[in-house]
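Have a look at the structure below before the remarks.
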Amino acid sequence: MAWLDPSLLLLTAAGTLAGIYVGAIPGLSVTMAVSILISFTFSWDVNDALALMVGVYCGGVYGGSRTAILLNIPGAPAAIATAFDGFPLAQRGEAGRAIGVSTVISVMGGFIGVAALALAAPAVAEFALKFAPRDYLLLAIMGLLLVGSLSGESMAKGVFAGAFGVILGLVGMDPLTAEGRFTFGTVALLGGVHFVIAMIGFFGVSEALVQLHQIGVKPIKQDVSRILPSWSVIAKYIPLSIRTSIIGVFIGALPGTGGDIAALLAYDHAKRTVKNPSRPFGTGAYEGLIAPESANNAAIGGAYVPMLTLGIPGDAVTAVFIGALFIHGLKPGPMLMIETPHLFWFTVGNLVLANIFLLIFGLTGIRIFAKMVELPKGILVPAIIVLSVVGTYAIKNSLMDVYWMLGFGIFGYFLKMYGYQVGPIILGVILGPLMDESYRQAIISCRNDFGIFMLDLVTNPLSLVLTVAVIFMMINQTRLWPFFLRIFRRRT
Amino acid sequence: MKRGLLLLVALLCGLFLVSAQAADYPDKDLQGVIMWGAGGATDNVTRAITPLVEPILGKQIVLINKPGGTGAISTQYVYSNPSDGYTLLFGAENPQVHRILELSDMDYKDFYPINILGRGVGVIVANNDTPWNSFKELVEDAQKRPGEIKMGSTGPGGLPYTVGAMTKSITNMDVTYVPFQGEGPGVTALLGGHVDFIPAGITAVREHIRAGRVKALAMVSAEPVPGLEDIPLITADFPEFEKYLPWGPFYGVWVKRDVPDDAKQVLVNAFKQGAADPKFQDFLKDFGTVSMNISGDEADAFLKKWQSVTCWMYEYAGATKVSPEKLGIPKP
Amino acid sequence: MGGLQTMDEDRKLRAGEDLFAWLMLGFSGFVLIQAYLISGFSSVDAPGTFPMGAAAVMVAASLSVLLKNRRLKAGQPITFKAELNRAAAAVLPRVFMVYCAIIVGYMLLIKPLHFFPASFAFLLISMVYLKGTGWFRSLMIATVMLGSIYIVFQYFFRVVLP
């Protein structure tokens, strides 16, 4: 096996380690790192280049959870859902344990993703192609229903935040008609607001500002005595993490969605199906940490599925990988697996290795990370702000973005003070554009006829399943649910 | 004696340094702004050429992606930087239609073409389940069932959109245009059968054609493309297309017009040499792009012609916000 | 504050909460008008249709928040000015105001002073102001932090910092 070559082993390890830090630093993305590596590895052998990049990819997706748990700043979009329960855990002094559990579960999710890639890639890819625009619309609605569980004290405030997020996500040039939306006639706004900027502002800076209220308060002591979760703890969560990993694989394999949406849907799934979580969701439930962490790492294997079988990127990072293959003289496409099957197995082997290194690197040094939260707020808050500024700037080399980010931070502070949650905003920013686009594609496909649109929803088997699921989830969230249950019980 | 010689050499060197201050260019790293996101075609071409040009320039080109507004953001950003030749714009065809779409009042008239590296060719592909075997059959079917056939498209400026406008102006066929973010997602929808056909760049569909997953109906070109000779040319059935051809997306490098000539010359030479490198030529071939490697006036003429053809085609298709007439873009 | 969720329907209204809700309603109305201006009611697939829907949801949600606040209000009619003062005391404590001013100053100085000097000054001043630690340790922390930012961002990622 080529990937067992010691130099390749070393490259994968180096990539994974670097990836964890790239992922953990908000604003530095895996996409960016892999793009830079293309130039860096230009003259290398293609196997060496891929080994390094695969490591960075796996490490980066995992690394995002670090800052999400410790500082409430998701280091990468895929870690947004991790912050919902991860950060409350850190505030309870269980940061070490949370990172330990998330590492083991991430690696497990990663392995499930690789297994799906190795065993069922062609079938999964064909299934992913079946998703029509209307199905993406249904998926986006499903994700947006999560607003209901992230609303905090008032549903109305959650809905407000979610809708505001949608609007924020739509700022800029409409990709389908080249029309400016909320741009006030300026070119600067044509590019829209990068969602990572909104994420850093609303999560990171606003949280830092809220913490100014507790400036003199002594930080919570972190318990670092039990970092490695015991086998019995892990075993308890295995069924959930398998379910959410499967969600991750499929959502990752869909060309229009990636690890961020996979993690959000997985969180939603956990919230609906786990009857007795270790704590209520949103206050530090381990289930709420496990679901997104297994899903986003499983989504890596998923994203490789359409890339290796069809030459279609499963997410932004695999799009860059396709470019790298071109540059190295390969022809990514449906023939890649037929003409160069060794490349497929090389990638599979590399992903396995990267996940093993993830377990090793992920479990070392947790103590130091956890102790970071124990720093006095007077050091932590300025550090978060400088990191947010440099991270935001790095995305597009734009100072304008930095001003936006700080504006979001201050606005987010007021929202938080008045009981609005910021989670739904990010949900809206991510899902809004997907919803807008797929809604319009779906309705245009039916020549603007709502009748045909509705008919399509129930006549196509895949759409029907998704429609039923959406209706079920909607009823489940409203007061109608107990009513239905009562009728059902009376009958039986 | 020896000492005198040394002194002379030193003096000469000093003189040379003073007189050739501008010839020192580049004396620091350059910045390269890519107008599309990571993983896009422009990004791929850029990242393939820069490692070949860097050793010639002796400096690094630090690349950043500044996507947004189909390139309007990058164009404006590069324009707002000093005209010292240290900021390069790596772009595609898009700015040439920005003015008629009112996206920006800037296009390549404000920039000097260092090198137009290559251009893509469009091909019309259909889902395997559709009944047509040629573009002619598709057009006839579309005339029989107006609005029922779905074409994958993009926003204005994209290749599918433009070729769609071209075919509409010539065949007057009535199909439903389903827009996607780019041709990549459009081709994915074609593979899943959510649209019936799509005009796309060869890069995006070549491997799918080779694997038999889609069928190629016509090449949007007047002359055969090496390696894909067996795809019928669109001009065979519809010779009217010839007036628009060759048409396709292109990729290149620009600097601001008022960059000093010496710097322009250094860049032109470096990119000319880099683009001629067999490694880059192989890349272009795999990428389904026709190599151009032109610069200066030759490139400007190409850009002007491209703009006039495209803008007027958009005008006929009713897709413009400002008439090309008003902007002084001549009729083709 | 962060993740704590409380479903208390019968809590007291926060100082200035009603005012904020009114502001948000105004903001939503503004967004709705802007959304309408994109393409009006031209078609169900127009670029402005979906934004208008989302903006309408914002308006409806802010109205609902205002209604709920009405129910929460426990009488005690107070003047607008007193309410403002109460809100300012609760939401805009001195430390927040001063610190925001420091942040804005930092923002404005990034360009003229360049990133590293501006950040160094910002870190020093804010760590001392927030009583995080003494001058000497602040100096150490700022140096180490900016050093690592330099290595990671400017050296490895080749980000051209301002």
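Just so it is clear, A, B and C label the chains in written order, and each chain counts residues from 1 on its own.
Methods note: a contact is a pair of C-beta atoms (placed from the backbone, for glycine too) under 8 Å apart; a residue touches a chain by one contact, two chains touch by 3 or more.
For clarity, every value in this text was computed on a predicted model and none was experimentally measured.
Counting C-beta pairs in contact, the pair that comes out ahead of the other among A-C and A-B is A-C.
The chain closest to the protein's centre is A, with centres computed as averages of CA atoms.
Between chain B and chain C, the centres computed from C-alpha atoms are 41 Å apart.
Here the spacing of chain A and chain C, counted between their Cα centres, is 23 Å.
Separation between the centroids of chain A and chain B, computed from CA atoms only, is 33 Å. Counting partner chains per residue, chain C has residues 158-160 touching two or more of them.
Annotation for chain A: residues touching 2 or more other chains are 32, 36, 174, 176-177, 397, 440, 444.
In chain B, the residues that reach two or more other chains under the touch definition are 64.
Chain B makes touch with chain C in their complex at residues 31, 60, 62, 64.
Of all residues in chain A, only 21, 25, 28, 32-33, 36, 72, 84-85, 87-88, 91, 152-154, 156-157, 159-160, 162-164, 166-167, 170, 174, 176-177, 179, 181-182, 207, 209-210, 212-213, 215-216, 280, 282-284, 375-383, 385-387, 389-390, 393-394, 397, 399, 402-403, 406, 410, 413-414, 416-419, 428, 432, 435-436, 439-440, 443-444, 448, 450 touch chain C in the complex they form.
Looking at the complex, you find that chain C touches chain B at residues 158-160. On the side of chain A, the complex with chain B involves touching residues 31-32, 34-36, 38-39, 42-43, 129-133, 172-178, 180, 187-188, 190-192, 255-256, 306, 310-313, 316, 318-320, 322-323, 326-327, 329-336, 338, 396-398, 437, 440-441, 444-445, 447. Put simply, chain C touches chain A in their complex at residues 1-8, 11, 14, 16-17, 20-21, 24, 28, 31, 34-35, 38-39, 43-45, 47-51, 54-55, 57-58, 60-62, 64-65, 68, 90-91, 93, 95-96, 99-100, 103-104, 106-107, 110-111, 115, 119, 122-123, 126-127, 130-133, 141, 145-146, 149, 152-153, 156-162.
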